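What follows is a pair of complexes built around subunit A, which joins subunit B in one and subunit C in the other.
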Partner chain A sequence: MRITTRKLLDRAFTLCAYFAVALMTLFLLFVLLPIFGKGAGAYLFTGTVEHRRMLLDQFNRGDAEQFSAEWADVQQARRPIYAAVAAFEKELPGLPAARRKELKASYKEIRVGLGVLLGSEPGKPLPALTRGLYGQTRWDRAQEKVSNILYEETWDYSGGAGKRVLVPRQPLFEGTALAPIFPLLQNNLRDLLHPRFTFYPGFLIDKSIDAHFFGGIGAEVMGTLYLALGAMLIAVPLGIIAAIYFQEYATEGAVLSFLRSCVNTLAGVPSVVFGLFGLAFFINTLHVSPGKSVLAGALTLALLVLPTVIRSSEEAIAAVPRAYKEGALALGAGQWHTILTVILPAALPGILTGTVISMGRAAGETAPIIFTAAVSVGRMIQPSELLTQPTPTLSWNLYNICTEHQAVEEIRHVQYGMAATLVVIVLVLNLTAILLRARVARNLKG
Partner chain B sequence: MNTGEHIILSAGEKTRRRIFGLVGRSFLFAVTSVAALAVLAIIFFIARDALPFFHEKGVAAFFFSKAWYPAQSPPQFGAAAIFAGSLLVTAAAVVLVVPPGVCAALCMSDILPFNVRQVLKPVIEMLAAIPSVAYGFFALVVLAPLLQNAGGRVLSVAWWVLALPMLALGSVVAADLLSSQRLSETSYRLVRGLLTFLFLALSLVLIVQTGNRLGALQISSGVNALNAAIILGVMALPTIVSVSEDALQAAGRELREGSYALGATRAETLVKVVVPAAISGIFSAILLGVMRALGETMVVWMASGNAAQIPKPWYNLLQPVRTLTATIAGDMGEADQMTGSAHYHVLFAMGLSLLIFSFFCNLAGEWIVARQRKRLRGG
Partner chain C sequence: MEEKKQTAEVHVEAKAFSVFYGTREAVRRVDLAIPSCQVTAIIGPSGCGKSTFLRAINRMNDLIPGCRAAGQLLFDGQDIYGSDVDTAVLRRRIGMVFQKPNPFPKTIYDNVAYGPRLHGSASKAELDEIVEESLKGAALWDEVKDRLDKNALGLSGGQAQRLCLARALAVKPEMLLMDEPTSALDPKATARIEELIVQLRGRYTIAIVTHNMQQAARISDKTAFFYEGDLVEFDVTQNLFTRPREKRTEDYITGRFG
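Coming up: the complex of A and B.
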């Protein structure tokens, strides 16, 4: 091979390596940007009057006086619509049968659409589900919903694959009492809903209302925190003790290498198998709780993170300079005394780093808690129920509301909000760990 | 008070201290054993609930039958298609991720300056830290619609970006290799130019044809083996990069300097000297990646489509598949937790299979590392 070709190959190889690193970084952005971008939309969005009504009714939040003035305005704007509907109801029986038949299906869809857009009509009996009570709380959703009223959705199969076609309904209702609502909805939607830029921090702490149609993810956030903290409460003492044993007491030999390979194997067990074990052992054999519970989940998660805690604690203890230990021993301190007063305090930041990373892992895991701790529909759990009750969690409920929810498309913003919240919690924990580690490295350097 | 009394211990004090130390030591040992032996408890309890299934239904049907109808009566529990799904998705993820992973590791260990490396480490840690359910959500909500609506175009763009530079480079190198055999300078140039042109034209035809074929591809469902494999690959990437990077770093400076001294370029040094020296570390990195991909649950559950079938042909990644982990998570679900039903036990049988596989992967990894250590120590 000539030297020019070798140089070319060398350059190409370097480029290739850069490309791989760039690809990795780009993919991280590709994953995080939509989650963060759209997830922020759960907290910051253009909210309608319905959102403020919901907050006032359900969470008693907001200025009641100001709201009632606004609500009066909105009612004023909505009155012509309800009047037109009532007039059309009266007119309908008098129309010729053929015309009636033509209008009926479309009219039904319009009624449903109005309920979805504006909520239940004042003075009418209350709907069975809360989702029927309030209209669209978000302006972006409201604009989508209004098009369901204004247009009929049909599918054109002439080109083979189906194509969505929107047919305006207005011509159909020309000449009836219902006709005035179309221009009203088209042009005066702002008056009907009063969209306004809204910051909704309550999303993080509010309970969900009617299967996440309204409200926030407070129950899930609390469940995740309880589980992660519980797991750390169990795993950290165990992990530190094991690390002390491995580093300070154990002597090389068959027993030690056996224990070490046990810990290594534990690190390689698939997470879903931890879930099976938690179900078979903690719940079906030990009966730590009558069914799924936060306790069983925390025990299972503790086992999952144990190898990480042990390994990072060991590294932290091993990084303590020998001189510290020898100094303490030379001053006449016993081994226990040395460990408790010299080695552990010096290793603490390092141990903390591992703990924080493990906590992030425990907060994000889903598979181990499916059979041991998580429920899809549940209320916010009280601290007194931790030992007996299951809880909703961010991870499991994110899965649940984007696959098994009855209206997956309607609550996309909640899904993104939940995903973003979970990722932020985990990444903040990891960033803390990274910063902690940087400090440890600086301190050790002196 | 005389302090000397405290330095010289009485006999009673000495025994007390010794007993105290012994008790403390046994306490530490006991706690450590509990932590370590947990893995044995896991194996025991998974096996205990798995064995009734093998007793009742036999082993052959489980491993070799493709009929997975757990809800029928009588139920059929043939898991061959599910095993195949797990293998297919894992293998595809590893094939997708090993080349960029090892390249990235080489870049981080030998090419990038120290400062950039310090910035990239957190990027890798973040990739590793993102919860699997968030990856699954991304796969389901962003990647699946993208594949379904524009899958062909995405694939063909990816093909162009990868294949064009690779094949162009390949043509130049191949032409040089073929023409540099015992030729004078002028004829070398002529022959090389002609060959390069020929190879370039050939590869261009190949690229355009394959690109067009990929571009015309219609993907009927965005949730399929490819989607799951891409995300699993990304999830295995941090493990593969950081473990291989450690192995590459451990190969040592002398080795590299020796190679440079002999006149090798950086690429030659890396490919012919450093990578072979670190190959066992890279293998164990890949093993860890395989374990991560095989044991991952949420992503495959959300992104792979969950159809218990072997794709036709078997390498068709665009069809939905079902994996062991997703079956365990999905079928155990919220309803079926009654001890005793065959459906309950078959899921433990799958868990046991996963456990045994990861156990052997672990053993293999430890064996590779131990062998390497011995070889390094032996010189």
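Coming up: the complex of A and C.
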């Protein structure tokens, strides 16, 4: 081959590699940027007075005195609205029947809209659900909700396909006592809700209130951590012992190759099968807990990551120079002592890496815990209940609140926040693995 | 000559001793007596069985699957391959230094203290003493006394090899096996190790495998020449190098092969 052709080919390969890396980076950004961008919105957002009221009521957080001053201001600003509503209520029976009929449906929607926007009216009976108690806690949502009051949504089918048309309600109520609320809502919304830039770190640790309408994802975060740590607590010792057996004790033969193919097969089993197995074996057969529990979930996850732990530990042990082992044996150390004092310490960086990466996997898995540990709605689990109680988790509840929640549209910020938190937890775990590895490797190198 | 042979006490004695790798006989019916507190060099071309023979003495060959021994190999009159022999005890009495320096990835102190700790020297003061004594014995103390807590992998090749020697000395062995201990070292470091071997002579029985015939001539009392698994000639070093009895020995030491 001519040298120019060879050089050309070389360059073509390099280009291909660059292109592949660039494409991968692009995909990664395409996936991660929206998750992080929108996920950050769960922690950093423009919060309203309703958010501060909720925090003070539910979590006893915030300056009560400062809040009561602010709350008085807001009440002051809202009074004309409630006054107009009360006046309209009184006026309504006196109106002609035709006019009454005309206004009734729209008025009903306005009342609901007001409740959603501002929360329950002071002095009125408390609503059944907490979500009715508070108005919009986020300014962006409040701006959307206010349009439900100002405009009536109708559909125009004249063009064939339906088209959404917003019709202002104000003209309909012209001349009634309710008329003043429209300009108030349109122009003075800031006075009604006091939007303010808010950093809400509590999202990470707070319990959810009324199915994630308010509060944070603390229960899910804790559940995920408990499950991942529990799985590691079980899988790591077993995995290391198995790896030691494979590398140091087993002699090549039919039994060993059979065991090895078992481990490899285990690594290829779909995770949902692990979930069903966990349910059938740990819960229904062994009765490790009365029903779903963190323990059963951790056992199932441990089984799932065991092949990875075994393989990475095996590789780490195999990479320890034989000379170390010979040196220890030549000093009269027994095999077990050699493994414990020389081989395992030298293999530690590799073992740690495998462990933490497995932990990231365990934290993110959904299928194995659906049947064994996860519940959609549950309170924050206490350490004493780990053996018997199920828990909400990030992975499962993310799916749940994106698909099965009764108000999927209302809690977009929680969905993104949960996804971003899960991704960050896994990233942090992997980063820890890299740092730990570097640190231990440095100590070994001296 | 005859007299000297008689007076030197025999420490390790091979009687028709063979080592097999599977069916291949790597060491063939060797008869050899290693004298106590002297330096015995084992030379020969690659693959002649000299390392295999050396590693048979502390039973390091046990690690190799399919390796077995036949005949008799006696240490202080006791069969090394006897069924009642505890390899841990045997290896404690017979220390070993390998071809490539193999300090553990631990601190210098922990490297030397590894053996004593293993064999139950508990007190800190006692350990400190053993570590210092061993490092002095290996002529390394002055270089490392200020950095005993530093990782041993930071040492140079020659220092690392002397550390391995100190590590072997720390368990107070009776005999030292050295498997080409200087082949990975530069001439200066080699000279230091050779000096050490000369210093250790008289206190320890030393068996050293080497590729370097000048080295064997410089430091050993007796030399054994192995060729293709056979012990060709075993004699006082001076005799072997100046008046070899065997043609093959002569060919080898004059550089005609190997």
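To be clear about the criterion, the second predicted complex is superposed on the first by the 412 of 446 C-alpha atoms of A that agree within 3 Å, B and C clash if a C-alpha of one lies under 4 Å from a C-alpha of the other, contacts with A are read in each partner's own complex, and residues count from 1 in each chain.
As a working rule, a contact is a pair of C-beta atoms (placed from the backbone, for glycine too) under 8 Å apart; a residue touches a chain by one contact, two chains touch by 3 or more.
All values reported here derive from a predicted model rather than from experimental measurement.
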Which superposed partner A:S384 touches (first subunit B, second subunit C, both, neither): neither
First (subunit B), second (subunit C), both or neither touched by A:Q406: neither
Partner chain in contact with A:P270 - subunit B first, subunit C second, else both or neither: first
Touched partner set for A:N187, first subunit B, second subunit C, both or neither: neither
Comparing the two partners subunit B and subunit C, which touches a greater set of residues in subunit A: B
Which superposed partner A:F19 touches (first subunit B, second subunit C, both, neither): first
First (subunit B), second (subunit C), both or neither touched by A:G332: both
Subunit B versus subunit C as contact partner of A:Y324, first or second or both or neither: second
Intersection of subunit A interface sets (partners subunit B, subunit C): 332, 334
Of subunit C, residues touching subunit A in the complex: 58, 60, 63, 65, 87-92, 95-96, 98, 100, 102-106, 114-115, 118-119, 150-154, 164, 167-168, 171
Contact footprint of subunit B on subunit A as seen in their complex: 1-2, 5-10, 12-21, 23-25, 27-28, 31-32, 34-35, 238-239, 241-242, 244-246, 249-250, 258-266, 268-277, 279-281, 284-285, 303, 306, 310, 332, 334-336, 357, 360-361, 363-367, 370-371, 375-376, 395-396, 398-399, 402-403, 412, 415-416, 419, 422-423, 426-427, 430-431, 434
Interface residues, subunit B side, partner subunit A - complex: 7, 17, 20-21, 24-25, 28-29, 31-42, 45-46, 48-49, 99-101, 103-104, 106-108, 111-112, 120, 122-127, 129-138, 140-142, 165, 169, 172-173, 176-177, 180, 234, 237, 241, 265-268, 270-271, 288, 291, 294-298, 301-302, 325, 328-329, 332-334, 337, 339, 347-348, 351, 354-355, 358-359, 361-362, 366
Contact set on subunit A toward subunit C in their complex: 251, 321, 323-324, 326-334, 337, 341-342, 345-346, 443-446
